[in-house]
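Several structures are given next for inspection.
Look for chain A in each of the two complexes below; its partner is chain B in the first and chain C in the second.
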Partner chain A sequence: MTNREKLKALLIDILLLEDSEFRFDLMRKDIETWDSLAIVAIGVGIQETFGYHMTPKEAVALKGVPDIINTLESKGISFDE
Partner chain B sequence: MNKPEVWALEKLMKADLGKSAIWIRPRWRRKVEEKLSPPIIEDSEEPPRDLDTLVVVGGGILIDRAKVWRKENAPATKLIVVPSIWGSGAENSPIAILNVADKKVIYMGSEFLPDVRVSWDELAKELPAFLVKNACGDVWAHALEGFLSPVAGDAVRDELALVVKSLESLPVRNDPAWFEISARACAGQAKSSVGLVHGIAHTLEGAMKRKYAGEYVGHAQLCAAYLWPVFSLNMQLSPKVDTLFEQYGLDKPKIVGVLKGFFDGHTYDLGLPILQENWQSVLRDASTRTNCALIRPAHISYFASRKFE
Partner chain C sequence: MYILYESEVNEDISRLDKAWPEPPTFIFMPDRSAVSREWVEKGMARFPDSFQENHFVLLTSGSTGMPKLVIGSRKRAEDLASVIHNVQDSEPVIQTVLALPLSYCYAFVNQWLWSRVEKRALISVGGFNRPDNLKEALLAAQDCMICLIGAQVPLFVSHYGDDTSFPGVIRVHFAGGPFPQQSIHIVKRFFPNAKIFNNYGCAEAMPRLTIRPLEDSDEGSNIGKPLPGIELRTGEAGEILFRSPYRAVGFYDHDGLRIPSDEDWVPSGDLGEEIDNHYWRIRGRSNEVFKRYGEKISLPQLMNTVCARWSGQAAFYRDKDPSGEEGHVLILTPEPTKEQVQNILQAFRKNHPRTHWPLRLESTPAFPLLPSGKIDKAGLAKIKNATVHWRQRL
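After this line comes the complex of A and B, so read on.
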């Protein structure tokens, strides 16, 4: 499974989305279920899936899926697959 | 926020309560009549609104009812609570939770905090074993889920680690020491969060009441029964459990042994089909979403296959 596939599966589960609803350019404001508790779950899920412990500041600052990818890429986790 | 003043039973017996009444579960009538003189009202009735003092003797459900009753009917009435069992933390908390039409309604605010909490250790000695076991399981669930919570700060985690260490050496039995440790566990988890054990209990309580009209399965019973299966899943999903246990010097084999002792196959089996039917609701529950490990749709199979046994 590629990192893009792992991230997609993770966010579909956390945000309770249908497969067809997911896009890599999704923004937080467009998803009702991306609330404050989802921020906690995304932090936990990123750590379990990619081994990176997001700080609370980083998790709260995420505005969408592209921000998650940028944050992880800045820590050396590649999404160029 | 202030905490209720703590009185010994002797102080309550001697206190001038003005116009007062004692609201009780019927099980405590004899005991209460031996020690206290104000008129008794059983929990099937409502207290009069012109009291100076209302004394409540019972568990979390009745204490929470009294907190809401006072707010809505008699805000000037002094509220003295005498918890008959530990676990809920209702006696020490500005939160009240009522079951209304099988839904949980949450009230929060300093006006819900009791004025006085009375320690009546003798009540604990009369509790039946199954209630004791469930109440102890509830305390463990508060302490562990709060300790492992992803939103627990360092200070809260330090305090809850001390609570867990105390629990390691406190046997599951009728012991008044559980009242104080329960209060500390509740205070700690209120500053962090709880997790999947509570997500399951919150979802199943109402659903099981609708399905099994003749068999009441309460919050503490569900927390106790599902504590070990959930904890076992958490250990599989996240290295965080082992890491934090090691970091705080907690005795994992001992804890695992205690948690296994809370497992109750009968309650688990009653709940399992309802858990499967309501898994989406469990996933959406606020407690589940702050579990120490990420809980995903596929994880229902873990419970169905009983991999924790």
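After this line comes the complex of A and C, so read on.
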């Protein structure tokens, strides 16, 4: 499974998205389930899946999927297709 | 005063018939219970002289893990049996078949005592401990009444399949837990000629407070109207309080002996509210409504969401998330498919904010049951082989 596929599966699971709802340019404001508890869950899920411990500040600052990818890529986790 | 064990009565039900008119008060105990004989005897020793005769005592509340001896007046209980006879439209009934343990207050008053007071036949064949005998008795039944709890509906399906019905049963009563509104089509299939009632009460009421004929509402949480002579109101926290001329006259638990006066309002242990035309709606056990991140969580309401998408058995048990906040776990049986899990989760997403979502969605091959047939909620949290299908990552 590629990192892109792992991230997609993780966010579908946390945000309870339908498969067809997911996009890699999805923004937090577009999804009602991306709430304050989801921010915590995304932080925990990122650590479990990619091994990177996101700080609370980083998790709160995420505005969408592109920000998650940028944050992880800056830590050396590749999302190349 | 003495202890009468259920196994003694099951062997020879005339023991109960003999005990009832004799003066000494008796404690009718299940054979297996969460309390020792010493604890019961300690409680008996504290009973005042006025309770030493013409009373009976039942043990209740195994499902919450807080055992309580409930002391009933025989005269009050007989009066209630007569009231029940009228409100349950039981005049045409000539017999009743037991499907619940007799030490269960609901079966004791609504079946054994009712049959004694109204001079109807009581048929005891071991309930679902002997499902073939129960089936035979129900097939042979004529103008029969049966008392059930909602959790027994799946037992009818698993034991008797799709092609059995019991046309001789003309009254079916539910009490002792959530009314099985979602599976009422199954109840009607098994009992095509029965009037169905949702009865509400508690052991402290000994046991009946309200009644609703099925057709009065399509809402499972609608418990109907109070019985004649019974008053209901809600306390500050929304808990149902009652006054009843039939209720238990004393209670003994780990806090000691309590003897309320007739003026006292007694909590039923549930939350509820009055709705239209004196009908009442139950909102769950007091311990089934709690706050999570400041939001009020009602497990019975969440169960409605689950039952709309899941036809198997489902239950919640309480747990805490890693931050120490109170939460709840949804557990199903039998094993759901991936699609069914997604279906239930999507129902949570659609109908409830995340704080109301379960911490985990689990399944197990079978639920642990209490001797009464109710789900052993304390036992759910101790299941070791539960499969986790989904979890909130918190």
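We take it that the second predicted complex is superposed on the first by the 81 of 81 C-alpha atoms of A that agree within 3 Å, B and C clash if a C-alpha of one lies under 4 Å from a C-alpha of the other, contacts with A are read in each partner's own complex, and residues count from 1 in each chain.
The definition used in the following text is that a contact is a pair of C-beta atoms (placed from the backbone, for glycine too) under 8 Å apart; a residue touches a chain by one contact, two chains touch by 3 or more.
Fair warning: this is a prediction, and the values are worked out from it, not measured in the lab.
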| item | value |
| --- | --- |
| Overlay on chain A: chain C relative to chain B, clash or fit | clash |
| Which of chain B and chain C A:Leu16 touches, first, second, both or neither | both |
| Partner chain(s) touched by A:Asp25 [first = chain B, second = chain C, both, neither] | neither |
| First, second, both or neither for A:Ala38, with chain B first and chain C second | both |
| Clashing chain C stretch [against chain B; choices 9-17, 99-107, 171-179 or 207-215] | 171-179 |
| Shared chain A surface residues [contacts with chain B and with chain C] | 13-14, 16, 37-38, 40-41, 44-45, 48 |
| Touch list for chain A against partner chain C, complex | 13-14, 16, 18, 33, 35, 37-38, 40-42, 44-45, 48 |
| Chain A to chain B touching residues, read off their complex | 10, 13-14, 16, 37-38, 40-41, 43-45, 47-48 |
| Complex interface listing, chain B residues touching chain A | 150-151, 237-238, 240, 280, 283-284, 286, 289-294, 296-297 |
| Chain C residues within the chain A interface of the complex | 293, 345-346, 348-349, 353-355, 390, 392-394 |
